[in-house]
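Contents: one structure, followed by commentary.
Naming follows writing order (A, B, C and D), and every chain is counted from residue 1.
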Amino acid sequence: MARFKWVGLALLLLMGWSFVGDSAAETGLRIQIVGSTTVLPVVSHAAQQFMASSNTRILVNAGGSGVGIFSAAQGRADIGMASREISSNEKKRFKNSDLKTHSVGLDAVACMVSSEIYQSGVRLLTRAQIAKIYMGKITNWKEVGGPDKKIVVIDKEHHRGTRHVFMRYVFGNATQRTPGTILVTGSNNEEQTKIAQSDSAIGMLSFAWINEDVRAVIIQDQNGKFAPTLKAVQSGRYPIMRELSLITRGEPKGKIKAFIDFVKGPEGQKSVVENGYIPVGVETSKP
Amino acid sequence: MIQFENFGAAFGERKVVQGLTCHFPKNSITAIIGASGKGKTTLLRVLCRMNDCIENFRIEGNIFIDGEDIYQPDTDVYALRRKVGMIFQNPCVFPKSIFDNVIFGVKDIARISKKEYPDRAEKVLREVFLWDEVKDRLREKATTLSQGQQQRLALARTLAVEPEILLMDEPTSSLDPKSTSAIEELTQSLKSRHTILWITHQHEQAQSVADRVLEFTDEAVNPLRPVAPIMKTERPSPLKNVLRKVQTFSE
Amino acid sequence: MKAKAVEKLVLGMISTITVLVVALLITILAVLFVKGYPALHSGFLFEESRDFGRAGGVLYQSAGTLILMITAVLLSLPVALGSVLYQTEYLSSGKLKTFLMQLTYILNATPTILFGLVGYLFFGVYLDAGVSWVTGSLILAVMILPTLQVSIREAVEGLPEKYREAGMVLGLTRSAQIYRIILPQCFYGIVTGIFLGLARVAGETAAIMFTATTFSGIQLPQSYSDPVPTLQTHILILAQEAVNPESLAQAWGAGLVLIGLVFMLTLVAWAFRTRMVMESEL
Amino acid sequence: MKLSYKKNFSNCFSGQAHLEPLAWIFALMNLIFVTGAMGLGVFLLVQSLPIMKAEGLDFWLGENWWVGETYGALSMIVGSLMVTALAVTLALPIALSAALYTSEYLSPSLRRGVKGVMELLAGVPGIIYGLLGISFLAVTVKESFNLLYGNTLFTAGCLLAIMILPTVLTLAEDALHAVPIEYREVAEGLGLSKLQTALRVVVPQASSGIVGAILLGIGKAMGETIAVLMVVGSLDRIPGWNLFVSGQTIPSKLGREAAEALGSGLHWSALMGLGLTLFFMVSILTYSGTRFTEWSRR
């Protein structure tokens, strides 16, 4: 029997640990943040810096804009991260939650292609072409001036903020069905990987994920051509723009307000820039 | 002491004992002989209600020990089992020390204080003539003992809880001749304080050890014939009258 | 003659298949080792991760995985032990026993993601525990319940009848029978079961990825309502960035640590199983 | 002769057992287990009622899954079945023949070695297989079949085949090895060759164990989430008869959308409906497996 005693002892110790610790956590020194993977890097970095100078613990978790808005509205998280506006549907569902949006930066979504396609000469796509590709009407790169290769059309999970913004620009409908899709991905990293691994893919990603394997093309519509450059974005002319925002239930107070102010402040904005986004305060003409 | 009245037992549809009525007086040694599968072991096991847990085991009739029906719903089974000790064919010792084995039952039932354990252990080990062999190695594992020693240890463990009735299910069948005679001699010496039922296959053993013999027979077509030769007993053969039927069915 | 040729042919085929299978699986092990080894710099196990996993080590992730594993087993063990002992020692209705066995098998085969979904809704939302240590370990506890039950039952039912009977005739009560005979005699069997359960928890990702862990901001949980970092989700996050060479290397390193953990647990389980076999043969 | 046997006292509360606190504690533990197990099924059922009401049979027969509009699970069900079928077709012949060889022909020490490797591999976490899948298998599939992308149903099926191989192999081998040596001696004494003995005597004797191993493998393949999620492509579309396109399985769909759908009415209910479907598929498999084992023992 003595051999079973240690089990009981360990159980007691563990329970002790978890309950003693809990009283500390209840004092409100913990902020939970959930949501968009686009905003995630900014907030994670900011949170690290914030924690270094404060005894507040900030837990950051991914999940997508939908999860962020939902969690904030339901009180499952103190702050939701969103890379899109709160949709009318969500406004209706959470009308009792008094959601407040705090803009912390701006992001542009680019239309990305695999580097092989980019190098073979596809540097520009018109809005109509992108629409046709996603609708499955254009299936080969040669139809848009590229090599004779089938297009691997990469979509995002429908609740992702990036998809909302992109689809609203291309189709005028944030939840457009796209029968041309071949692969569906979740986080920005996952989509970036898939585009890079394929040699004939098209996809949608934030500017921050552009690299030598994943290239952005120029977009053309009735208003002209828009190169995926920081300059175009900062001038506010780039057409697929969105606000990166933190969402709270009611006006934030205390530590939560302090953190949101920190992200909006100089140090937070530095991390916005470092992650490839545009800081708040830059004048833009939103679509 | 022990009284069977029109007793029968069955596993589902298969009856192993039927219509047995007999009496075992206090401080007697009764040998039970007969071919295997004839319900000898069942007879012993029902005395300490060891078959309770076997699904579809059924009994009929009554068994009285000291005038009490042991199959009443409110019978204290644990008290009954303390009163009725049983030794099995193959010695079973726990993989613990010899000392722990001896006091295994005592410890739990705790009728004596902890200080008395060593005395009790010594007493029963002496009773089974094992003390001299193991007194220096009480802390060693019991599994290191020989088969004969293990059987005597098991007996000592049973005696330590001071049962009134001892049931021995072929206790010597797996032992060498020397250990066998030791156990036989030992049983004789226990007679003064215990009522003993002893199952054996060997007629000579039955005759040399027991006061009385109860035989389970298996006579070709009709397996019902009771035989009860009585040896070395002062009273003339009460069993012949009592044992009306020892009925067994083989498959 | 023809039959002999056929036999030779078949034999040749199945022996080749066996060799190939073993080779394939050993290759997998080798690949895991070769890919993971470079990441295992001296402090990998003892450093916290930096730059969201791209650099540094996996100290807190390993610790978190261990914490989750141990709490899950501690929560699950009493229930598993109790219900098995109830079924084997107290329950006599054969039908009920069969039903409970079926239930165990079905629960054992249930996909782990379902435990995650239902568990999160129940513990996380209805009982309001959120994404946390307690939610995760409760979910995992339910998940390994059948695993523990199966191995404990194996041990208890494998206990030679003679020990029970020896205890019974001494007049031991059922409770005494359980803690004087069954528990000590089945000790190694139960410990084997525990280690197999631990190994199963260590390998689980789907049930905890949205119920118990978080992307950043946590080192060790300070209370039961905190999330826990784990190796499994760490690998998942890093693996989603598979183009980035540093993060991929880190993912392989973390993977090797995780496998090392699982293998260690399996080996310990083997050792105890061997002891169990030896004891039961006495 | 009267046959009015007394009921024996073998019920659970024999003697004073019901007075022991331990009995009550154990009964409570058992109750927790039963509640947990039944609760899982009931919970899934209750939670998926709204979607059943809303969609009816179309939930299983519909092809379109558009959150907020319509929920049809057919593409995931078909995807799950295809991936599982592929995994089983690939893994079974290999696992079973290797099990036969290991059990009947290998020397004890070699056998132990093979078993050891298999048991270790059976414990390798799904996430690790996922990692292997995206880094090697997806690329290999893409290149060797000259595809545009490697995240296909075929990739997922292959990965699952590798994942269930050790489990099926080691369990089937256990079943074969458990057949008493006497059977083999008798058969060989009758003049059967070793292979004939193995196939005609040993395999039929071990059939219930082998079927159990196979069903466990199928169940494992059907329920695997994380590894499949990483390589399958996650496209909700019925793949037709083409394995070399991306698709979706029930668990991968659950893994992707669970966090998002939580608490959002019909969407969550639809995921629960998917879960229920999966639960039923696996439960029926397990139940028929245990029934087969009972039947073949008779």
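Quick note on the criterion: a residue touches a chain if its C-beta (ideal position, glycine included) is under 8 Å from a C-beta of that chain, and two chains touch if they have at least 3 such contacts.
As the structure is a prediction and not an experimental result, all values here were calculated from the model.
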*Could you find the chain whose CA centre sits the greatest distance from that of subunit D?*
B
*Write down the chain pair with more C-beta contact pairs when A-D is set against A-C.*
A-C
_Could you work out how far the Cα centre of subunit A sits from that of subunit C, in whole Å?_
35
_CA centroid of subunit B to CA centroid of subunit D, Å_ = 51
_subunit B and subunit C, separation of their C-alpha mean positions in angstrom_ = 47
_At least two partner chains per residue is the criterion; list those residues in subunit C._
92, 173, 179, 210, 242
*Residues of subunit D touching at least two other chains*: 10, 14, 16, 134, 259, 262-263
*asked:* Give the residues of subunit B touching no fewer than two other chains, as numbers and ranges.
replied: 53, 55, 78
*asked:* Considering only the defined contacts, which subunit D positions touch subunit C in the complex?
replied: 10-14, 16-17, 20-23, 25-30, 32-34, 36-40, 43-44, 47, 94-95, 97-98, 100-102, 105-106, 114, 117-121, 123-128, 130-132, 134-136, 162, 165-166, 169, 193-196, 216, 219-220, 222-226, 230, 251, 254-255, 258-259, 262-263, 271-272, 275, 278-279, 282-283, 285-287, 289-290
*Please name which positions on subunit D make contact with subunit A in the complex.*
66-68, 134, 138-139, 142, 148-151, 233-236, 245-246, 256-257, 259-260, 262-264
*Can you name the residues of subunit A that touch subunit D in the complex?*
63-64, 66-67, 70, 74, 89, 93, 149-150, 152, 157-159, 175, 177, 181-186, 193-194, 197-201
*In the complex of these two chains, what residues of subunit A are touching subunit C?*
1, 3-4, 7, 10-11, 14, 18-25, 30, 32-33, 40-41, 44, 47-48, 51, 57-63, 76, 186-187, 189-190, 192-193, 196-197, 213
_subunit A-facing residues of subunit C, complex_ = 52, 70-71, 74, 77, 130-131, 133-134, 179, 183-184, 187, 210, 214-218, 221-227, 237, 240-243
